[in-house]
Structures are given as C-alpha cells and as structure tokens.
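Two complexes, one shared chain (subunit A), two partners (subunit B, subunit C).
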Partner chain A sequence: MSLIKISEFNAIAEDIHLVKDVSFDVDEGKITGIVGESGSGKSVTCMGITKLLPKTVKINGNVLFTKNDGKTIDLLHCNENELTKLRGKEISYVFQEPMTALNPVYTCGFQVCEAILAHQKINKNELKSKVLNLFGEVKLPDTERIFNSYPHQISGGQRQRVMIAMALANNPRLLIADEPTTALDASVQKSIIDLMVEMVKKRGMSMIFISHDLNCLKSVANHIIVMYKGQIVETGDKNKIFENPSHPYTKALMKTRPDYKNAGYILPTISDLIGQNENGEFFEKKFEVIKRNKNLIGNKILDVNNITKSYFKNSFFAKNKNSQAVIKGISFSAYSNSTIGIVGESGCGKSTLAKILTNLEKETSGDFKNLSTDKSKIQMVFQDPYSSLNPTITAGEAISEPMIVNKINSKKNTKQETLKLLELTGLTADFYYKYPHQMSGGQRQRVCIARALSTKPSILILDEAVSALDVSVQSQILNLLKDLQSKLSLTYLFISHDLNIVGYMADEIIILKNGKIEEQGKLPEILNNPQTEYTKFLINCIYN
Partner chain B sequence: MAGYFFKKLLYGLLIYYSVATIVFFIFSFSFPSPDELATGQRSDEKTKEAIKKEFGLDKPIKTQYLYYINDVSFVSVYKDLKEINVSKIQLISLGGNKIVLKIPYLRRSFQTGKQVNTIIKEAFTGTLILAVSSILLATIAGVFLGCLAAVKKDTWVDRLILFISTTGISLPSFFVAIILAWLLGFVLSKYTGLNMTGNYNDLDPFRGEIFVLKNLILPTLALGIRPLSIFSQLTRASVLDVLPRDYIRTAKAKGLSKTKIVTKHVLRNSLIPVVTSISGWFASLLTGTFFVEFIFNWKGLGKITVDALDNSDLPLVMGAVIVVALIFVFVNIAVDILYSILDPRVTLE
Partner chain C sequence: MIWKRFKKNKLAVAGLIFICISLLVSVMGYIVVPDHTADVNIMYPDIALKKPGFSCNYLKVKSKSSEKKTKSFFSFFKGWDSDFDLISIDTFWQKNDSIYFKNYNNLLIQNIHKSEIYNLNNISLKRISVLGTDRYGRDLLSRLVIGTRVSIAVGLVAVFISVIIGLLMGLLAGYFRGWVDGVIMWLINIIWSLPTLMFVIALTFAIGKGFWQIFVAIGLTSWVELARIVRGQVFSIREKEFIQAATVMGFSNIRIIVKHILPNIWGTVIIMSVANFASAILLEAGLSFLGQGLQPPAPSLGQMIKENYAFIVFDASHLAIFPGLMIALLVMSVNFIGNGLRDALDVNE
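And then the complex of A and B:
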C-alpha cells in the first residue's frame, strides 16, 4: 500500500519551472531513492510536499498522505497548523549539512527534546531518558556528554547521528533524507547510510533518500527515481535501473563517472552523451571513446623533506605551551607532467600541507624545495568556486590581479595574457567583464584555474577542486585539467577525499591519516594491492 | 575563565592609566591655572602663592604627575589620610606612610571646593538612570520592531517600521528633545501632565526628597529614539540573515510553531550582532547625553562636564574623563561575558 502518493507536482519560482509534473508513490516500509544533479528538482520536490519551501516558490499538484490513524489527506491543501502537527511527527527530515542544520546556540540534547515536546506531553525525567535511549540507538558514544554538548563540540558524523535521532524521536512513518552523507567523510558515509537503513527497517518506516550519486543508492534503495531538469526521466526497481537503464540520461550518468579504470581516456560529459530534440525528447548521442596520449613524466620538481606542523596554544604566561601536531613528518617528491593524488579524511592534514607548500603557513620543522628552473611559484585552486572568487570584481580583474601584483607583465600585455588564459581554460573573451554571480559553478572554477595559471606556476595544488561541482561539470573540469597538464607540463598535487576521482587523475598516490603518510606509491599498485588496513578500508568504502 | 578576567583586568588598568596620563598632561598645559581663576582681579602675589600651594601647583610637573597618579590609583601611598575623603581600607603602614586600597580620589573642585568624587557621584546617578531607561526602551522596542519587520518582510508593517526607523535615525537628539519638550511638556501638558523640564528627584515640602518618575519620560524618549531606530534596523537585517539558515528549516521540519521558531531559534542567533551595537550605545549614552540633559535641565554627568569646561574647573573635567574611561572598560568586559552567554561558540579564554 502506498504511504504517500505524489501526482502532478509542480514548483514554480519567478516563471521558472523548478519541478514539472512529478508523480511517484512511496510504499509502506520501502525505500525510494531519488538521484539527480543540482537543479534537477529533487530537493525542491521533497521540501515542497510539506511546504518547507520559501513563499516565493509556488507549488501545486496533489500529495496524498495516509496518516497514522488511517485517514488520507492532501498535504498541499492543509493549512500551516495542520502541517506543523505532521512535520516531525509523521514526516521527518534529515538534511545534508549537519553543521548548519543544528542550531549552534543550543545543546544537542535540548534540540532533540524540543522535537519530542512539540508533539508529545511527557515529564522531564522521562524526556531525558528517552533522548539518551535514542542517542544510544543511533550509536552515539558517551550519550550523557553528547546530550550536553553544543553542535560545534562534536564531529560531523556525530552531528548527523543527532539529526537522525531528532528525526526518529516521534516515530515518524516517513523519513526524508536529503543528501544526508554528502558532507561527510567516505568512511563515515557508509556507517551513516547503514544506520539509516537499519533504523528504517527496524521501525517499518518508509524513506525517501535523495542523492546526487547513483552508486550511493545501490545499497540503500528498493526503488529508484532519476530526475533531470525538474522532471522524472526514469523510474524503476533498483536492479532494473542498474542493470538495464532505459533512459539516455541514466546511461550517461553511469558513463560519466571518473574512475581509475577509465583513467587513460577522455571523460564523456553529459552533453556529449545526450541531446534534446525540438519536442523536448532526449536522445542518445554517439560518443567515441578517445584515449589520451600517455604523459611522459619529467624531471623531479618538488622535494618535500620531513615536514611537520604543530599549532600552539598561547597562554598568557607561557608561550608554546600546548602544542597539537597536525602534520607529523611528510616526505615525497613530485615530477613535472605528473599528478600526485593526496587522499585522506577531514582532519588528516591534507589542506594544511597545501597551505605550507604555498607559504600560507610556515612549517614547524622540515623543508621543501622547488627545483623548477624558469617558473617558480606554486599556485592553488580551492574547493568552493562560489566563495573563492570576490563577488565584486570581474573575472578579468581576478585573473590579471596576480600578474599585476607580481609585476609579471606590462598593463597592455596583462589584458592580452588574461584573454589567452580565458581561452586556455575554455571560456570566451566576454567572460573578461563578467562577475562571479553571472557564471555557473563550472565556469567559476575555470576562472579560478585561469587565475592560478596566471603567474605561470610549474606546480598547481588542487584542493578538492571538483568536490563542490556536479557530476557533469566535474567531468568537464577534470578533462580540462588533464588537457592543461599535457599542454603546459604541469605538476598537480590533487587533494581529494574521493578515491574515485583521484583514481582517474593521479599517477602516484599518497594516503594520509592523522598527519602521517599511511601508504604511498604508484596508483594501480596501491589500488590493486593495498598494504595497510586503512587503505583497504578506504578502498572498500568506495568500491564496495 | 579566571585567566581571562585577569588578562582583561590588566588591559583595563593599562587603558585607565594611559587615559589618566594623557588627561593630566593635556589639561595641565592647556588650562589657565587656578590662582588666576580664583583670585580674579585682585592679584597680589601672596594670595596667588597660597592658592598654588593649596592645590600643589608650586611643585615641578613630574612630582605633580606622580601625586596625581597616586590619587587616582586603586592602591596608593599616603602620609596623611585626612584629606583623602573617599571610602578606603588601610592595608599596611610603613614608617610614616600608609598603603591603602581605595576608589580613585579625584581631588577638589577649583570652583566650589567640593569633593569631585561627590559631585560626579551625584551627577552620575542622574545619567545612569537616564541611560538605563533609554537603552531599555531602545532595546526592547527596537528588537521587537526589527523582528516584526523581518517576519512581515515586504508588507505594509515592514515598510511602516522602516519609514519610522529611518526618520528616527536622521533626527538629532537635541532636536527631538526640543520638539518633545515643547509638544508634550507645554502644548499638550494639560493632557499629558508632563513638565517641560525637571530632574529625577525633587524636594517635596512634606516628604523631603522624592523620585519623580514622570520627569524621566520625555528625556528617555528623546534619548532613546535614535538607538531604537538603529537597533530595529540592525535586528531586521540580522533576523533576515538568520531566517534562511538551515537550522531554522530544521526547526520547522521538526514541527515547531512559528512563534516558537522566532522566539527560540531566530531571536537568540540574531541578537549576537545587535549586542555590539547596544553596548556601544549604552557606553556613549552614559557619557554623551549633554544636549538632552541641558534641555530638560536634568542633573547629569554631561551637564556638569560642560559646566566644568566652561569654568575651567580642571579637577572636575579630569575626573569626568577618567570616570568615562572606566565606564567603557567595564561595559566592554560585560559585553564579552554577554557574548559567551548568547553564543556558546565564544569562550572566555
């Protein structure tokens, strides 16, 4: 029997159809996965059914929900009062970013208590023991301490467990999880997904699990819905979707994933694989697999020698009293025209290493030598192109600024050079006068790459440079990076938490754990024959 | 925590002594000396000498400075404690010298010969009452209106509040004071029962000194209207910043009512930036209410400071400046504590 029946659901904001004629059912006790890129309307649909969207988004359609007492109601025709009674009690949510989804000024315990008190009358002692039980159920350690902790005092995975406890507090019938693991480390991701599936099965609940990653749904969902540009393009049983996808977009999604197996090839992008005719129907494009020329690895260009970094907490009386080592002795060499992948979970010291190599931070001991001759500087591309570009200056200014500051070119040449860089990164000359808000995420990251290249560096540090981008944009940027490398013989230090992407990009790989190198070597060897438990565990989390 | 207070206290003392030093040197050189003031036309040398001696001005400037710092310190050394007319605790005595713990001794007024401590204490009570009542009015009404405007964004309520607060910001307090005094204290005084001017305490022929609450109304309004407008706009902006945050969506998704979301989750987070402005205003209200005090004939710190400047009453001016510096130091520490209460991410370390 279906618990929730969505039919002809539309969401419109300022005459733009965010979601168009979406219909699907979720059966009782079943898990439905929704997959799509950003802007596909997957989150809008799931927020929209309980009217959690801002008022500027107009919604219509029918959402029939069967309540606990057996009555069926149309959620879109309920008033705010009725919905408030339903939210958190019969339908609850787990959101993507557990840091921002919890209120920073209240304790975790308080926030879960509040969710219970909103729907139940319960005395104080009972309430606390109930919350502590819930915390135990979601496998939080030291429940009493977490109860009294503020969100910033616990780890990301623990925060997400608190969110799950909050969502389960009133025994809801439907749990909507909106990318609940995207912001978490790979190893934590798996345990959170396992926990959610376990909880849902144990309580006989239904779940809608939203993700941008098709692979992520493999171990979760019974039923999968694929969304693209606000519409459902394919729905079906999990096995059918994975083994025999029928829609061109679903097929494209599977092919465009970077992976160590397709490392020697140019990645197909979504637009390479599908097109849309005048009637709006999608069709498959023919795509020929093109092999890349093998990179000839050049001379040694960077020598990192036993670098350590500790942070000191200065107290009023004594300096350097409490030190905390973030990097504990890292050594490696990099060669021109090659890529070193640096993999590790958050807190392993990979970003600190990048900051040391770019002289944004000073190492505590050890040193590194840049052995390149004519070009000297190491440049960096950051994770989030939305926040790493100044919103008040144009792309042209952003790219030319490093050249002016470092007195590389005359004023006239600077503009010429900037236009060249735009072309090199696949942008047209009119981007010179564009501001960040006028560009898409992929275009912004191209500007960031052009900016990093403007001082003609020999080494480029890519710190999670494609992590914030959608699958289709990701493959475009990865292709661009590979092209630039062979054109300019660049050395990349490719920092990422995603072993798949590193597998596609890197020649050599360094696995970091707690500021130490766990394992390092040639990529295929490490992936096929990992030596340490930790590497095996990481590979297992991803290749599953 | 203890370390934090110790550190803050040291910084505070550093500021305090720097201000005392600057004040001493600026005023010692730029003010006419008291012997000229006190004697007026009759200027025979002997009287002048006597007056100079009385105020210690016959000594070299270095010695004068050391005496001054000794007087304004919290721990000081004296031979004779009779002159130092402030509350004090004697710690130890060494030979003829006595070391005492005391509040700063600000000396005697050139003009009236009264203890400056006593004059400032009286005036400060008036200012404190006025500043507290205006800041309370401004905070409560400002935060409420700002919140209301943000929640009702783009409706007539929002536009009305924006209009009123923009007007409020652009009105100088002395202008508002005159208008209010004239309108409510004179033209409409039959209905309002308010006076144009008046102090917080008055002498009643039967009951002695009494507190006159109604005299507080007009100066509070005149003084509070600008901070009120500013707080309401700040709160509005801050609430609009907090409303689209993820944790507000979480609060909504767990089934909290709108009132609960606003009062519990939105307000506390929005107040964090507003507190900075409130504290800044409170400190300046405590010290810079001269115009309003003047117009309403309210006995306060602003009024006596300006009178003292007018009369070149050096000890009184110096005392007032030092008290103001102390107020700023204390308000700053208080605000840090308030921050750590509002936002657990802020720790006092």
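And then the complex of A and C:
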C-alpha cells in the first residue's frame, strides 16, 4: 500500500518550471531514492510536497498522504495549521548540513526535547529518558554528555545522528532525507547511511533519500527515481536501474563517474553521452572511449622534508603555551608531469599542508624545496568556485592581475595572454568581461584554473578543486586538468576526500591521518594491496 | 541597476529630492537670500517678531560704516556688506532737499538730507519677509538658509573625516588583526565609553568653538561606528578564498586591501556614511543649542532654536518651529535615502 502518492506535481517560479509533472508513490516500509544533479528539482519536490517552499514558487498537483489514523488527505490542499501538525510528527526531514540545521545556542538535548514537546504531551522525567533512549538508538556514545552538549562541541557525524534522533522522535511514518551525508567525511558517510536504513527498517517507516550520487543509493534504496532538468527520466527497482538502465541519462550518469578503473581514459561527460532532439526527447550519443597518452614522468620538482606544524594556544593568563600539532612530520617528493593524490578525512591536515606549500602559513619545523628550473611559485586552485573569485572583478581582470603584479608580461601582451589562457581552459573570449555572478560553477572553476596558471607555475595544488561541482561538470574539469597537465607538464598535488576521484587523477597517493602519512606509494599498488587497516577501511567505504 | 531599485522606494526618492533642493539652495547661499550680509545680522528693531509673509517698505540710504569690505571670492562663503543701509518705514515724501519719513509703526516724522539717499531715482524698496523676522528684526528665511548650509556642511565634512579615519582604522584592524586590531579596538572602546556630547564639548574646549572646530570635533567622534562595522566586514571577507588566492598569487597587502577588499564593502560604507551624515546634523544642532557650537551671531539651526524657543509659548512660535522642522526634514530625508540605498545595494535580493 502506498503511503504517499504524488501525481502531476509542478513547481513554477517566475514562469520557469523547476519541477514538471512529477508523479511517484512511496510504499509503506520502502525506501525510495531520488538521484539528480543540482537544478534537477529533487529538493524542490521534497520540500514542495509539504509546502515548505517560499511563497514565490507556485505549486500544483496532488499529494495524497495516508495518515496514522488511516485517513487520506491531500497535502497541497491543507492549510498551514494542519501541515504544522503533520510536519515533524508524521513526515520529518533530515537536511544536508547538520551544523546549520541545529541551533547553536541550545544544547542538543534541549532541541530534541523541543521537537517532542511540539507534538506530544509528556512529563519532564519521561521526556529526558526518552531522548536518552533515542540517542542510544542512533548509536551516539555517552548519551548523557551529548544531551548537555552544544552542537559545536560534537563532531559532524554525531550532529547528524542528533538530527536523525530528532527526526525520529515522534515516530514519523515518512522520513525525507535531503543529501544527509554529503557534508560528511567518506568514512562517516557509510555508518550514517547504515544507521538510517536500520532505523527505517526497524520502525517500518518509509523514507525518501535524496542524493546526487547514484552509487550512494546502491546500499540504501529499494526503488530509484532519476531526475534531470525538473523531470523524472527513469524510475525503477534498484536492481533494474543498476543492471539494466534504460534512459540515456541514467547510463550517462554511470559512465561519467571518475574512477580508478577508467584512469587512463578521457572521461565522457554527460553532454558527450546524451543529446536532446527537437521534440525534447533524449537520445544516446555514440561515444568512443579514448585512451590518453601515458604521462612521461619527469624530474624531481618538489622536495618536502619532514614538515611539522603546530598551533599555539596563546592564553593571556596562562604562562604555559599549549601546542597542538596539526602536521606531524610529512616528507614526500613530487615529479614533474605527474600527480600526487593526497587523501584524508577533514582535520587530517591536508589543507594545512597546502597552505604551507603556498606560503600562506609558516611551517613549525622541516622545510620544502621547489626544484623547478624557473623557481616559479606554487599556485593553488580552491574548493569553492563561488568564494574564490572576487565578485567585483571581471574574469579578465582576475586572470591578468597576477601577471601585472608579478611583472610576467608587458601590459600589451597581458591581454593577449589572458585571452590565450581563457581559450586554454575552454572558455570563449567574451568571458573576459564577465563577472563571477554571470558564470556557472564550472565556468568559475575554469577561470580559477586560468588565474592559477597565469603566473606560469610548474606546480599546482588542487585543494578539493572538484568537490563542490556537479557530476557532469566534475568530469569536464577533470578532463581539462588532465589535458593541461600533458600540455604544460604540470605537477599536481591533488587534495581530496574522495578516493574515487583521486584514483582517476593520481599517479602516486598519500593517505593522511591525524597529520601523519599513513601510507604512500604508487596508486595501483596501494589500492590493490593496502597495508594499513585505515587504508583498507577507506577503500572499503568507497569500493563496496 | 542600483538606481533602478532605488527608484522603486518612493520615500527615498522624495528624500533625495528634498536633499538635492536643500543642497542647491544652501550652496547658492548668500546669492539667493534677501539679506546677504555676513552672518545675516542686520537688525531692524522696528520690525521685530513679525509673522511670515510680512511686507514693508524700506528707505535706501548711504551706508554709514566707514570701512567696507569689497566683494571678493570669499564673499560667496561669508556674505558681503550692502552698498546701502535700509530703514524700515511706513511712508515717505520729498520736500526741498530733504526726505521726510515715518518709521515703521511710529508716528514720529524724521527727515534726512537728499545727499544721504543712495539712489535718488529709486529711493525706496519693498521687501517681503517670507518666514517673518526674529526678535532683532532679522530675516528668518535668510538665517534659515544659511543655517541649513552650516548643517549640511557639518554633515559632509564630518562624514568625510569619519569615513577617512573609520575606513582606515577598520581596514587595518580587520585585515591585520593581532596587536593592530588590539590597539585600534582599545581606542574605539575608549571613545565609545565616553558620552558623545560630553566628548565633543570637551574637544571644543580644547580646540575652540568655531566653524571648523565643530567639523573636526564631530568628525573625530563619528568614525567609531564606521570603523567597527568595516572591521567586521573585513573579518568575513578576509576568510573568503579569493583573498587566499590573492595572497598565493603574490599580491601585496595594500593591493589586496584596496583592490579586493574595499570594493566589496563600499555598499556598507555608503550606507553607514549616510547614517553618520544624519547624526552629525543632529549632533551639531544639539551642540549649538547648548551654546557649544557655532557662536552667535553666526546662524545655525540649533542655535536659532535656542534663541527662539522662549517664543514658542508667545505668538511667534514659527521662529523655533521652522528651524526645528528643517532639522527634522533633513534628518528624515537622509534616513530615507539610507534605507533606500540599503535595499538597493543588498546583493542577496
């Protein structure tokens, strides 16, 4: 029996169809996964069915929900009062960012209590024991301490567990999870997903699980919905989707993923794989797998020698300085025309290492030598293309400024050189006069890469450079990076938390844990024959 | 784009129009007012405390003062003496070589010799005091215009000083943090802990009470808020990755501050300056009212209220109401403009 039945759901903002004619059912006790890129309408749909969207977005359609007492109501025709009674009690949400979804000025326990009191009358002692039980159920350690902790005092994974406890507090019948693990580390992701699936199964609830990552749904969903540009392009049973996808977009999604196995090949992008004819129907394009020329690894270009970094807690009253070591002795060498992948969880010191190599911070001890012949500085591409470009400066200015400041070209040549860089990174000349807000995320990241290349560096640090991008854009940028490397013989230090992408990009790999190198070596050897427990665990998290 | 959004806010546009008119009139100042003598200080005791719209005939006689300032470039700022003096009269007639006249509201007949008349072809003139006269018979409209001019000048100069100091301090504190921030915040906290009015009064004791001293005193106190807000903004922008990127690219600190941080906080600075403009006008009015601002006879809005507030209960309440209204309208317009700008410059919308 279906718990919620959505038919012909539309969301329109300023005459643009955000979601068009979406219909699907969620059966009782079943998990439905929705996969799609940003802008595919997956979040809009799930917010829209309980009218959580801003008033400027017009919605219509039918959303029939079967309540606890057996009555069926149409959620889109309920008034705000009725919906408030439903939200959190019968339908509850878990969001992507656990830090912002919890209020930082209240303790975790208080917030869960509040969620319960909004829908149930319960006395004080019972309430607390109920919350502690819930915390135990979501496998939080030391429940009493967490009850009294503020959100910033616990880790990201624990915060997400608190969020799940809050969502489960009133025994809802439907749980809607909107990218609940995207903001978490790879190693934590798996345990959170496992927990959610276990909870849902144990309580006989239904769940809608939204993700941009098809692989992530593999171990979760019974039923998968693929969305693209506001429409459902394919729905079906999990096995059917994975083993026998019928829609070109679904097939493209699977092929475009960077992976250790397709490392030597040019990644197909979504637009290489599918097209749209005049009637708006999608068709499959022929795509031939093209093998890349193997990089000839050159001379040693960077020598990092036992770098450590500690932060001192400078206290005004206390005389003794507490130091906290973030990096505890890292040594490696990089060779020209090759890529070193640096993998680790958040807090393992990988970003601090990048900052030290680009002189943003000073190392506490140890040193590194830039052995490139022209002694050009090490440049860096940052994670977030939205905050790494100055919003008040055009792309052209952003790219030419480093050349002017570092006196690399004469004024005349600078514009010429800038246009060349734009072309090199796959942008047209008219981007010279565009401001960041006029560009998409992928285009911004291309500008960032062009800017980093403007000083002609031989070493480029890519700090999570593709993590914030959509799957289809990600593959384009990765291809671009590979092309640039063979054209300019660049050395990349590719920092990422995603072992899949590193597997595609890197020749060598360094696995960091708590500021120490856990394992380092040639990529295939590490992946096929991991030595340490931690590496085995990481690989297991991703390649299962 | 910004103008388009600003235009939507009717009140802000109205405020802008009012400020533009006030600005225009007060820039022209002595050129447009009826009484263009320095500080608008010609007194006609006979016609004191007249209602708005009062009109009267004047006899033009040769000026008695021996030393006469010539009209120069500075007259534009300070006003200039007339070539003739005026005597307010009811009627006059010519007989032989003498001119006989009756003073305004006075039955006594007086006479003067023809030679004392400034221009025999044009012996008298009629003048309307649009807003009436004050207790010394001075033209209220003239004083109001020149007073407004002082207020706007105080506002502009105070904003200028406060933006320069506040921006500099805020940028330095926000960008360099550490001990620089410590020192600047210490200074800010000290100035903030003093009541503004008391501080300005103390300053005027130290540097004197005059036109320029008021500018400096108000400018020196109003940078504090701007500095704090700029500091906060710089804190958050500094954390953006494009600043790190600029550092990696080898840009100097000055370049990062001027080219990459400053353009991102202009909106805030403009809005804060507009607010400072309004509070500077109020502060000047308050100071003048307390007698710590411009010294009489120089007209300023606050001082006009001070001179005339006693008449509110008598039949000449307009003497205090007009300057009061002027202050209120100026401050309100400026605040409306500020609100309009804030909405127009808000990138999040």
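Here is the rule we use: the second predicted complex is superposed on the first by the 539 of 544 C-alpha atoms of A that agree within 3 Å, B and C clash if a C-alpha of one lies under 4 Å from a C-alpha of the other, contacts with A are read in each partner's own complex, and residues count from 1 in each chain.
The definition used in the following text is that contacts are C-beta pairs under 8 Å (C-beta built on N, C-alpha and C of every residue); 3 or more make two chains touch, one makes a residue touch a chain.
Worth saying up front: this structure is predicted, and the values here are computed from it rather than measured.
Partner contacting the larger number of subunit A residues, of subunit B and subunit C: B. In the superposition on chain A, A:Phe65 makes contact with neither subunit B nor subunit C. When the two structures are aligned on the shared chain, A:Lys89 is found in touch with subunit B, with no touch to subunit C. In the superposition on chain A, contact of A:Phe9 is made with neither subunit B nor subunit C.
Once the two complexes are laid over each other on the shared chain, residue contacts for A:Phe147 go to neither subunit B nor subunit C.
When the two complexes are overlaid on their common chain A, residue A:Phe209 makes contact with neither subunit B nor subunit C.
By the touch criterion stated above, A:Leu52 is placed in contact with subunit B alone, subunit C being left untouched. Touch criterion not met for A:Tyr534: it reaches neither subunit B nor subunit C.
On subunit A, the patch touched by subunit B and the patch touched by subunit C do not overlap at any residue. Of all residues in subunit C, only 240-242, 244-252, 255, 259-260, 263-264, 347 touch subunit A in the complex they form. Put simply, subunit A touches subunit B in their complex at residues 50, 52, 54, 80, 84-89, 92-93, 95, 97, 100-106, 114-115, 118-119, 150, 152, 163, 166-167, 169-170, 315-316. By the touch criterion given at the top, residues 355, 358-360, 377-380, 382-384, 387-393, 401-402, 405-406, 448, 451-452, 455 of subunit A touch subunit C in their complex. The touching residues of subunit B, counted against subunit A in their complex, run 3, 6-7, 244-247, 249-258, 260, 264-265, 268-269, 342-345.
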